[in-house]
Every structure is written in structure tokens, then in C-alpha cells.
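Here it is: the structure, laid out below.
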Amino acid sequence: MKVHEYQARQMFADHGVPVPNGEIATTSSEAYEIAERFNKPVMVKAQVLVGGRGKAGGVKYAENAEAAQVLATKIIDMDIKGETVHKVLISEAVDILSESYVGIILDRATQKPVIMVSSAGGVDIEEVADKTPEKIFKEYVDPVVGLQAYQARNLAYKLFKDIGQVRQGADILMKLYQTFWDVDASLVEINPLVTVPGGKVLAIDAKVNIDDNALYRQKEIEAMRDLAAEEPAEIKAREADLSFVKLDGSIGCIVNGAGLAMTTMDLVKRYGGEPANFLDIGGSSNPQKVVAAMDIILSDPNVRSILINIFGGITRCDDVASGIVEAFKQLKPSIPVVVRLTGTNEKEGKKILASVKLPSADTLDNVVKKAIELAG
Amino acid sequence: MKVHEYQARQMFADHGVPVPNGEIATTSSEAYEIAERFNKPVMVKAQVLVGGRGKAGGVKYAENAEAAQVLATKIIDMDIKGETVHKVLISEAVDILSESYVGIILDRATQKPVIMVSSAGGVDIEEVADKTPEKIFKEYVDPVVGLQAYQARNLAYKLFKDIGQVRQGADILMKLYQTFWDVDASLVEINPLVTVPGGKVLAIDAKVNIDDNALYRQKEIEAMRDLAAEEPAEIKAREADLSFVKLDGSIGCIVNGAGLAMTTMDLVKRYGGEPANFLDIGGSSNPQKVVAAMDIILSDPNVRSILINIFGGITRCDDVASGIVEAFKQLKPSIPVVVRLTGTNEKEGKKILASVKLPSADTLDNVVKKAIELAG
Amino acid sequence: MSIFIDKKTKVIVQGITGRDGSFHAKQMKNYGTNVVAGVTPGKGGSKVAGIPVFNTMQDAMAKVKANTSVIYVPPPFAVDAIYEAVSAGIKLVVCVTEGVPANDMMKVAPFVKANGARLIGPNCPGLISPDQSKVGILPGTIVKKGNIGVISRSGTLTYEAIWALTLEGLGQTTCVGIGGDQVIGTNFIDCLAAFEADKATKGIVMIGEIGGSDEEEAAAYIKKNLTKPVVSFIAGQAAPPGKRMGHAGAIVSGGSGTAEGKIKALNAAGIPVAGSPTELPALMKEALKKAKAKAAKKAAKAKSKAK
Amino acid sequence: MSIFIDKKTKVIVQGITGRDGSFHAKQMKNYGTNVVAGVTPGKGGSKVAGIPVFNTMQDAMAKVKANTSVIYVPPPFAVDAIYEAVSAGIKLVVCVTEGVPANDMMKVAPFVKANGARLIGPNCPGLISPDQSKVGILPGTIVKKGNIGVISRSGTLTYEAIWALTLEGLGQTTCVGIGGDQVIGTNFIDCLAAFEADKATKGIVMIGEIGGSDEEEAAAYIKKNLTKPVVSFIAGQAAPPGKRMGHAGAIVSGGSGTAEGKIKALNAAGIPVAGSPTELPALMKEALKKAKAKAAKKAAKAKSKAK
């Protein structure tokens, strides 16, 4: 789950990472008030979950409160890569002497958190990693003992020459790692970490992604979810406990299992169609999930046929079949639906399904081809 | 460092371990007020750092506030094994259905924390360990990953039959372990952990010892130190950064190094004397420490001679010699002092010492014998 | 022969009284797996499908001598169940549970290794050695005894692949679902090494998906260390970047972890990659034929040399 | 020969710019120890007694190839220094620092082992192999090259024992101070095993003290595994129970860890215990004589058998 910059910077601040003063505004007059209270030049920063807001004009410098108001007026309600700006962060502007990059992610190869720093900050770090990997320094953290102070120092020496700044940098890294761990992050990032006149080191941007699997114990963070920034269909899917990703094609897909759902999409493409979505009804699925899945897909006007591909294991074909029958009752789909059922309780499932008289297919490839054919 | 029961139970409560209501009283009228406010029978419990207060009459049941006042009057200022009672804990009395023992210590053999429980609670656990060790159950905790819930359950099943109580017990063990770790304890103990009518599990006693080495980062706990419960000489020694333990003999000992200090005491006994103290001036000793050491020992009226035994290593003999000379100037001891100096900067030390013309000895055994001889 | 589980496998089911635990305990037992006990705190003394239930692994292990456990408990308790199993002396822990936080996995995975045990999963369908033992949720109906090893990050996609093999007469030694999470106990390379060492296995099917670089590392490992033919399938070619496709581990981020990159790496290591799981049997047959021809050539050469 | 350190030992001093660090860096260098670098954060680029100082162990190890480090940093930073040393590839870490919290030690000690390194200490005087290398604070003036191994939980008491040996002509292979804390990296048994394996060592002096059961366990180990004679001394017979005698580990609690118990265990294992450290040389000479006689008898027997 992604959180907004202002939420991430609050997590940083709670752990003692120094950030400039900042407050959130939802209207331009609020922006004015905040900037006036700060009585300093400020940055007006669009709060969106998509990347690249700076290039899109969502981050601007305001000399005074009047300017902040004007800019906030422009930025609020702006569309950035399909996401509407509802909030802006009004943050004290600082004189930047240097910019570094600091990030922590889970490194899958070593199965450890890795901290990455680069003195080439403020820019696209993936570009740095790609073109000048020697400018990125890493420390792998033993997850059972946590980040050690020496590791933070090792990295801080790569960013700063001044020993005072090295100490500040190392301290920030220790606190950032604690944030990463405490909030169950899959990524925390400061880009840029800056130095200002007087020598202070500050985080002037904040990015945090949370491990979805840990949300059950991060209730406060889960409550931060910005539904306004999401596809309505995705919200609905999550509420129904379905894994769903919206795409632009015309073949709706309902599959059990993430790998098989991806494969089904791949085959739709392979046989000349375009998938309308990724949708995994999960393991021990109850009939209601199938109804919800059908409902979500039917609400997409691009969809011209639906394929249901079930290989029963922990999922039982009869459960799914009951769901399909129920969905037909409730939703009365006007587009063709093709079903493939195999595996656990296949016979029972097919028996149940007989009542709705659907076209069916017996193999993975055939159900995909049939759905494309039916979409016309 | 030991803390009082009321302080330990606060640490427990802060970590969510259930304890009965309780407040501290320093006068009998305070005891009355608290008991009246509770409006229930209470226990009046002497707050002392020594063990065995129950047998000494320091823990009593009071039916009402009047009784509590009477008992508090008796217990406050009582002497328990040489320690004067200054405070009593007024704690709500509970009906006890069963008593268990729960303790966590550092197990030196495995270098891990070990949790011990026994359904034979409320009594001297060392006696249980000695006579019926099969009644004590243990779980060793991997210190890097911490106590796991299954371990707490394993132990809780040894104490309780009822699943609800097992769950409470396991939860208490998890929280107790967290306390142990968070406060840098060398021991935490609940004796007894009780069940009451209605099925609730409660800690009605609390014992916590803190690892002295961790006090630098446990400032709040260090501030709990009860100077009134300590020997004035031990307080003075700690302030001077000396390791000191008061004993009852007549030979004062000033030694560098704990092992050598113990050995010196052992030899005093072996050669027919009685050591007045254990005193280690530590490693990189400065002359002022020697002055403080001499001052502390001279304040003990039992001391009839002082032996100074220094084997220089990290300690330099010249530093110690300067300290001795300074101590003679400042304190003008009227009892004999015998010195043995050897090791690092021995020559320089002996040169400095020549000015005070002390009897000296060249070996460990001889300096001890000489001190005994001089004590007369 | 087989890897990880066989006739000697004795299983304890952790979370046996839950919906999934009880269903699959029965399924395993029916398949012939030696399920010796179940564990659910508070349910000790009861039975599920004739299998005795204990409160703790400690109690269970005091009564039965199991070497394997399979976990069906909800995510907040799954990691504790892994610690409990390993501490009780279990040597193979299969964690079916989906939704375990990565932070917890990063801590428990090294603990399992340090204690000389093996973890499979979490978020995995488990494993099956046809006609010997089944631990997890893989359907017993789709497998067939034979000489192909199957490894997969996925669940139902694995069934699809196994079923395709079975239909084409390619039976299996063992099928292992290693799980779709970012941090897992046993990876492709661990399984590849085990299959390479297993005499009965003649060929290996490896099913990967987008996210991470496990397939790339496996490709390098295969090229360097394997004598047996490997064929592969990679799911997620149509997946958009930056979106988690169901599995916690299935996400293309910053241009890395793409299906294209993985397929390229596999092909570069000489490993054929199927366009659909249903093509795997044909690829495998061809690979086996080639390997046989190569072996025959080698044998002939050795023979001629011997002369 | 020797154990743990010898002519090939190359030392980095962690905390070299402090009072103790700089003093003992010089002392070690003067003794002939190969001190190749020092580390103090923020002091990189300077020198102490001609020894180059670096900001981090990483920087130091990039320039010099050390195998050993010795730590003189204050207690709040000592554990970090251990992690830093081990992670930088150091194989022997000697932690002189006194006052390290037990909780931290319980975590770092297994980390050191898991990384294939050895920790000596904390709260220890270090070790010395006469005429080869000295790492820590043991005075070089009291030792003499020879064939006795010395192990001790103490500091100055060890000097006393070594000095007594030296005065009586009993030189040493290596003297190791293992430290007086409750949680230490290397214990008696580790050292006993190393001395048993060291050809040059003919006899071992083991100096224990009250607290814990290390001496009891060592006694059992000696009885079972050692062929070389061991003599011992135990400090703290006059110590009252329940009081910490300086060392964090030196405390008799609940009737366990007494000097009496330890002496009894040692005697039961056939190990003579001295009444004063100054009696150790005589005990050792007698033990060596007995061992020699035993060996001669054995050799004679073997010879007669051979006939």
C-alpha cells in the first residue's frame, strides 16, 4: 500500500528523522493561512500516489503566502497521470546545498533489508543505478539484529565529508531503518536528503510503501488509505477480498490463483485478445466472491466477454459453480461467459453449472480462445 | 541493581501485566487514605530490598482502612534484616485460588534468557528447585528473535488447565519477557502469579533486578535507586566509581582488579585474618580513586590495618602511588598501611612511594601476612 | 525416489481444526500420507478424521515422532507455528498460509536454517511425491508417478502444468510449490540441487513468474551445475509494471523482474521456455530425447575410448 | 606454537585515539605485535604512534589485511564495534571494554559465531603468546615463552598467576583472559580444546572464580577430553552470597556458583586446586612430572607389547 508524502513524513518525524515544518491544505485559502503562519517561502507540493509529480507541475516554490495561494489554486484538482490532486503539502522551503538519495527496500536475493545511498540525489535514482551504479552504496542489514551503527556510519561517510554531517546522516539512517521496520514498510525513501546553510541535514521528501501482508497489524496506517486515488473497481475488489488489477482490454478474467490468473492473461494476449483485468478469487473461495468478481467485471464497459478459469485445489469447483449460478441470477449478464472447471469436486461443479447452460471449455488454451471468439 | 516491589510492579503494569490496584504510603495516615479509597480489604507490604520480609512480619492483611493504618504504623520504621522500612505498598487484597511461580533470568550456561514456571508458587522457589526440580518447567529464549508465543503457551499449559487461563498466562509471559528485555533486567519474577474467583490471572508480587552494566541507558530506573536501603560506604564507593562490598572483618583491602581483590580477601582468611571489604579500584585508575578508597575504608571503625595490593597492567603503579601519597596527606591514617606494587611502571611507583615510608611487601602472600600482623 | 518427502514422511498438521486444516488433513490422509497428529491450542484431546489433536507441538512430539509439519493457521499466527515446529524438532515445515508479513519471514527464515530444518513457503501449495506422500494442498488426482521434477512459485498454475504432464504420460518424482512471497524458505536453486541429486528424476519443469530475480539466478545455476534437462514457463508477460499481481512477490518494479528478462536469461542458459503451460510436456519430451542422445553419444565415446 | 594469536596476527585497534586505546596500541607495538591500523570515527587520516587511523573498519580493511581486532571503545559503542569488526571480515575480536549490557552480548555473541569468527571478552585483559604477539592489556613484562597455557576469567589475578609461573621458570604458550562477564564469546572449554590441540602446550592453568557453572562444566570436559594436566585456582571463597564482586559474572546466587562447589567439582575431576596463586607453579610442576611418568610408563608398555 502506498501512502502520501505528508503521511510518510509524519512517520519519519515520529521516529525523529528531521523534516522541515509542513502542514496539509485541501483548499487554497488553507494554503495561504499555513504559509502566512510559517512566514517564510514555502513549497507547495501535490499529494498524489503516482510518481513524476514534479515534472507534471505538481511541486512549486512560493515566495510568500499570496504566491502559495495562487499555486495551491492551480495544483488542487490538477490531474497528474490520471490521479486528481485533493491535497497539497505546504512545507517550509530551505536553501539546498547538496542533495543525496537514501532508500531502504527488501532485497529479495539476500532476503534482507538493503539500505542504498547515493550522493547523486534529487534525481531519478533508477537512472543513477542504471548508468552509474558505482555512485550507489549499499549496506545489507541482518534482519534479526537490525541495522548497526557502524553500517549507518559507513554509508554516511559516502554522503558527507563533514564529521558533524556524517553523525547526523548516520543518525537519520538509524531512525529511517527503525521506521522501515516499525511500519512494516516494503520501501522507505528520502529523495532528496539535503544539507542546508549551517550544516543541518534534512529530509525534504518522504516516500513509504507498506507491506500489504502486514496491514492487519498496522491499523492506523491502513486507515490512511486514500480511496480517492484508487480505481473504484479496485476498492470494491479489495472489500470483497479479491486480488484485482484493472487493465484496458475487453476480455474479463476470473481465475483462482495468482499464477494461473497471470497465465490466463498472458494467453489472452497470445491468442490475439486483450485482457480487461487480473482477477484472482483466491484459495478457499466462497460463492459470494464469484458474484462480487462478476459484478466488478460487468461494471467495466470495455468488457465484451468473460472467461472463468478454475483449477480446483483448495478451491472447490462446486463452490465456484454455485457462485456462477448465483451471479447469473443476481446480475443477469448480457455478455457471453465461458467457463472452465477442473480439479477438486469438478463433477459436482459441472452438475451445478448445467442449470445455467454456459459455453464451456476443457483446457486452459481452449477457454481463452473461446472467450476471444465470443468477444467478437 | 535491585528495585522495590512497587517500582517493579509499575514496570509490569507499563507492559500490560495485570496487577491489583496498589499505591505507596510513607505514613500510616496515607495508608489509611489509600485503603479507604480502595474501599476493600488490602495488603500492607513493607518495601525493602532484602528478601524474606513476609517471614519477618512485613506483609499483612487488613480488613479495612483502620486495620491498614494500624498495620502500617507497625511496619513503617520496622527493621527487616538490617534494612529500615520507609514505605509500604497498599495493594487490594484478592481471593487466591491458586499460586504459581514465574521467573526470567539470564542462563549463563546457554547464554540465553530462560523462563521458569512452577505451579508450586508462593513459596521459596529455590527450595522447589532443590527438592522437586520436576515441578519447574523451563523455556530457553533465542535472544535474537525473542520469546515466541508458542513457548509462552507451552509454559502456560504447565500452570493452568482452563484454556482461558492458559491464554492469560501466555499473554502475561510474553509481556513479562518484554519487560525483562526493555528494562535490561537480570531477573524478573512473579511469585506468586495467582488465579482469583472469576478466572482472572494476576501478578500479586513483583521482583526486578537490573543489569548494572545497562544502567547508563536506563536513566529512569537508575533514578529509582533507594540510597536509604544501602550502606553509606557503598554509596560513596559507587560515586567514586569503585567496586566495593562491605564485610565485617578488620583488614581493609584496596586492590586493582576484581579477581585479584577476591583472591586477596581469600588469602586474608587463609592466613588467619578477616577482610573488612572487597574493593576494586578498577582499570585505568586515577590517583583520586585511591584517595576515595582509603577514605571509605578508614571510615569503618572495625578496620585495624589496610593492605594495598596492585598488579599494574592497564593500571599504572605510579598513578596508584601518587594516590597513596595524596591520601596520606589528606587523610593522615592512624592505622598501619602496607603496600605491594608490581607491574606497569613499578619502579616509578616505588620511587613516589618512598616519600611516605610505608612498610611494603613484594608478593601477594607476604602483603596479606604483613597486613594481618600489623592489625595485631 | 523423490525429494523432501517420501514414504517415511510423518506429518503433524498445525491448525488442524480450522476449515482448511481439517479438509486437507483428510485429503492428505486419504492420499496415503502418514498424518500422525494435529495441533490446535485449546483443542488438545480431540480428534479430526481419527487424527489425534494436541495443544502444542511439544505435546504432540512427545507422543508421536514426526519429521514434517504443515501449517494452515491464519497469518498472524503462522510465523509462531514455524518457530514452534522447528523448536520441537521438525525438519521439514511446509507453510501453506498466505499473507505473512515479510519482516517476520526475514527473521524466521534464518532461524529455520540455523536449526538445520527446511521451510517450504509460505503462501505455497506444498509438495507431493506421487504414490508416496502429499503435504499441503496439491490435488492428489492430477499427479502420476514418474521421473519429472516440478518446481513452481505458483499454486493453481502448478496444477495446470502437472496435469498437462500427466495427460501426456510424463509422471512426476516430486512436485514442489515454493510459494509466491518475497521471502521464502526454499527457492528454485535449493530444489534444482535436490532434483539433480535425486536419481529417479530425469527432467525438471521450473515454473516462474514476474518479480525478483530468482529465475535469473536459477538459470545461471542450471547452466553451471545441472546435468538434467530443464524446461520452463514464466507467468506474467501481460502484467503491467508497478502492480502486485496477487502474489506478494509478483511485481515488476523499476524495469526489473519482467517476464521478458527472465525468459531471455533462461534461453541464454539453454533452457526452453513454453508459451503456454500446455506446451511444457512437448518441450520436456524433446529435452529428454536430446539428453538421452547426448548420454548415448557420451557412453559410446567412453566405450570407444575404453577399447 | 600457541593458540588464537601468533606471529601471523595482524591487529586493528578499535578506539585507538582514546586514552586506553592509544596507550595500549603503543604497548602492543613495542611488544612486537603487528598493529596494522586503528579505527576511530572522525579521526580518519591521523596517526597514533605511527599507526594509520581510519574512520571505519571498512576503510581500514580496504587498505590493510588484518585478521584480528582489539576493542577499547566505551561500553555504549563496544557492541557496535564487535559487529563492525566481524562484518569487515575480522576473525578474532578481543573486547577489552568493561560494562557491556548482557542483553547486547546475548545478541552479538551468536552473530560472531554464525559468521565464523571468535570473540574474546568482553571485560577481559586479552591474550598474549610470549615472543609472538600480545593483543589487549596483559603486561608483556611478566610473561615468558614456554609450554604452559593459561586461561582465566580475571585480569590482574591472571597477571599474578603468570608472574608466579614465570618466576618459577614455567613459561607460557598463550595466556588468555576470557573475561568476567556473564555472557562471553569464548569460554574455558573453547580454550581447553585449543590448548589440547596445541602441540607446544604441555600443561594448563585454569583460573576461575565464583558465579555461574563454567568451572564445573570445564571440569567435566577436562575429565572426558583432556590428556594434558590441568591445575586450577578459584577466587572468591571469602565472598558473601548475593553480592556482585566487581565482575558482572562474579556473584553467588541461590547457593549456586560458590567457590566450594567449583573446587569440589575440580577435585572430583582430578584437578589440583591451589590455595594461593603463588602455589600454582609447584602444583603444575608436580602435575607435569606425573604426566611425564605416565607417558613413560605407557611408552614402556607399548614397547614391551611391541616385543
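Every chain is named by a letter (A, B, C and D) in the order it is written, and numbering of its residues begins at 1.
The definition used in the following text is that a contact is a pair of C-beta atoms (placed from the backbone, for glycine too) under 8 Å apart; a residue touches a chain by one contact, two chains touch by 3 or more.
None of the values given here were measured: they were computed from a predicted structure.
> Which chain is most remote from subunit C in terms of Cα centres?
The chain farthest from subunit C, judged by C-alpha centres, is B.
> Weigh B-D against B-C on C-beta contact pairs and write down the one with more.
Top pair by contacting C-beta pairs is B-D.
> If you average the CA atoms of subunit A and of subunit C, how far apart do the two points sit, in angstrom?
Using C-alpha averages as centres, the distance is 29 Å.
> Distance-wise, how many Å sit between the C-alpha centres of subunit C and subunit D, to the nearest whole number?
48
> When the C-alpha atoms of subunit B and subunit C are each averaged to a single point, how far apart are the two points in Å?
For subunit B versus subunit C, the centre distance works out to 54 Å.
> Could you tell me which residues belong to subunit D and also touch two or more other chains?
Counting only residues that touch two or more other chains, subunit D contributes 107, 111.
> Give the residues of subunit B that touch two or more other chains, as numbers and ranges in rising order.
Counting only residues that touch two or more other chains, subunit B contributes 144-145.
> Viewed as a graph of touching chains, is the assembly arranged as a line, ring, star, complete set, or other?
Other.
> Which chains touch, pair by pair?
A-B, A-C, A-D, B-C, B-D
> Residue numbers of subunit D touching subunit A in their complex, please.
Residues 41-42, 55-59, 77, 80-81, 83-84, 87, 107-108, 111 of subunit D touch subunit A in their complex.
> Spell out the residues on subunit C that touch subunit A in their complex, using ranges where they run on.
19-20, 24, 75-76, 98-103, 105-107, 109-111, 125, 137-139, 141-142, 152-160, 163, 180-183, 207, 209-214, 217, 233, 235-240, 243-250, 254-255, 259, 275-278
> Help me check something: in the complex, which residues belonging to subunit B touch subunit A?
Touching subunit A: residues 144-145 of subunit B.
> In their shared complex, at which residues does subunit A touch subunit D?
142, 145, 148-151, 153-154, 157, 163, 166-167
> Tell me, which parts of subunit B touch subunit D in their complex?
106, 108-109, 111-113, 126, 129-130, 143-144, 181, 184, 186, 211-214, 216-217, 243, 245, 247, 255-263, 265-270, 275, 278, 280, 282-284, 311-315, 342-344, 363-365
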